[in-house]
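Okay, structure first, notes after.
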Amino acid sequence: MPDLPPPIPFRFESATPLRWVDVDSEGVVNNAVYLSLFEQARYEYFARLAALRAGNIAFVLAEAKTTFCRPGRLGMAVVTRARVRRLGRSSLEMDFESVGDGEILVRGSAILVWVDQDLRPMPIDATARRRIAAFEGIPEGSSE
Amino acid sequence: MPDLPPPIPFRFESATPLRWVDVDSEGVVNNAVYLSLFEQARYEYFARLAALRAGNIAFVLAEAKTTFCRPGRLGMAVVTRARVRRLGRSSLEMDFESVGDGEILVRGSAILVWVDQDLRPMPIDATARRRIAAFEGIPEGSSE
Amino acid sequence: MPDLPPPIPFRFESATPLRWVDVDSEGVVNNAVYLSLFEQARYEYFARLAALRAGNIAFVLAEAKTTFCRPGRLGMAVVTRARVRRLGRSSLEMDFESVGDGEILVRGSAILVWVDQDLRPMPIDATARRRIAAFEGIPEGSSE
Amino acid sequence: MPDLPPPIPFRFESATPLRWVDVDSEGVVNNAVYLSLFEQARYEYFARLAALRAGNIAFVLAEAKTTFCRPGRLGMAVVTRARVRRLGRSSLEMDFESVGDGEILVRGSAILVWVDQDLRPMPIDATARRRIAAFEGIPEGSSE
């Protein structure tokens, strides 16, 4: 049986503590909360790489997928990992993981599009692209 | 070129009005809000079919996919459509659409698992299954 | 014993339906949700009176008080009433009530300050002031 | 002019970091978020004092007041302070402060009522009462 390639490691992790209000009437962290944790990790990721524009995220979300692995519970210490897996011309793909007390609660992925102030797609800023590629060790991709 | 089959229509629609707070610092409805609109439509769907358990949803979310088509804006009249596309033994698949002022803002799908009080998967309740199948005009699927 | 003056009636009411996610792990509508319902009613109030600025609320919240009268429950039809009780030079006072199935769930009041784009207090816009006073039947107050 | 008594210090502080989604379309932390930060600090306060019941807060909110001092901004390190100021028979009064980068953003107070599983008021649990009084250095108040 052939060996599986090792999973791509996450190089970025952000503390994303839960709030009491995150737990819904089923007694578990509500599903929509995780999109906000991913978003928070995303913001901190681009802030860390100095890839924000005017202090905010210059991307909009085109697609998001989330797989719920285990119920999140109040009191868990939760961190969220983020990485850029692929850089395109005006879009990129990210992966996310929220981990509670050392176990994966939720996995996610997203396609993000770099937009101008009017939310129209435009090529990813060259400096942002270079910094992301260098941080992740992935190709810079097309920027023409 | 062969004709595409007609898309499966949604037989259920719920008014899911926006709130001022749903709009984030990018000036559009925040992505996580849509998961809450889908959830609200899901709750009303199962309530309509008398397929709740003790007044609440007996399903947990296993997977969710969302495609963001257009930015949602304050002042839009938003409705969310829901349907069950496939019934399995202990899980089912649903589709969602949130529509603002007549245009699709977001499409989504989800896999939901019927669980007991301790969140362990169990076969979908037979009555709920029968009602869902009848409402959607789909096979009841396996219930053994 | 002297008669109490009749309570000032609300002249504005907005449908503010609940969402499934509003119910927290105690099984009741979470307290913070009501501030968002008040905010929603406030937005619609100023929209109705054509007293928005560039499509948004030109006020910031200085103070908010909330009295929780009854637990809000999923399935209740909830409306929120709003009125301006007093117009000042750059601030005004509002009252709110969220009502579920005909019973008051929460009462609130707020002090709001009209601000410029940098969030600095400035006199309430004269047209907005006039419209509010006319709608509520209260004095226009000082505008110098 | 007589000296004012020194303000009562807070003996409890909890990190309550912001999320990107907390910032609303006015570019500041939305008012309702602070009620959730207070709630989170309250939960951690009672957890620290081992004064939860079955792992959750045994109090419901009867009243809340909030004064907004400065706009909260993304990137601020926010902590929330909590204290019990007065212990009554079945209710208590708390104060809160959310502080961002060392400056007070919001002050709040709340009246909380100890309730049974059906949300009916009952005397505060004797052990919880004793622990709170000891922690705050305040009278235990009436428990008959």
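The letters A, B, C and D name the chains in turn, as written, and every chain counts its residues from 1.
Everything that follows uses one rule, which is that a residue touches a chain if its C-beta (ideal position, glycine included) is under 8 Å from a C-beta of that chain, and two chains touch if they have at least 3 such contacts.
Given the structure is predicted, the values throughout are model-derived calculations rather than measurements.
Chain pairs C-D and B-C differ in how many C-beta pairs they share in contact, with the greater number at C-D. The chain with its Cα centroid farthest from the Cα centroid of chain B is D. Taking the mean of the C-alpha atoms as each chain's centre, chain C and chain D sit 24 Å apart. Chain geometry summary: the mean Cα position of chain B and that of chain D are 37 Å apart. Centroids built from CA atoms put chain C at 32 Å from chain B.
Shared contact sites, meaning residues of chain A that touch two or more other chains, fall at 20-21, 25, 30, 32, 36, 39, 56-57, 74. Interface residues of chain C, counted against chain A in their complex, comprise 20-21, 23-25, 27, 30, 32, 74. Looking at the complex, you find that chain C touches chain D at residues 25-26, 28, 30-33, 35-36, 39, 56-57, 60-68, 71, 119.
For chain C in complex with chain B, the touching residues are 15-17, 19-21, 36-37, 39-40, 42-43, 47, 55-57, 74-75.
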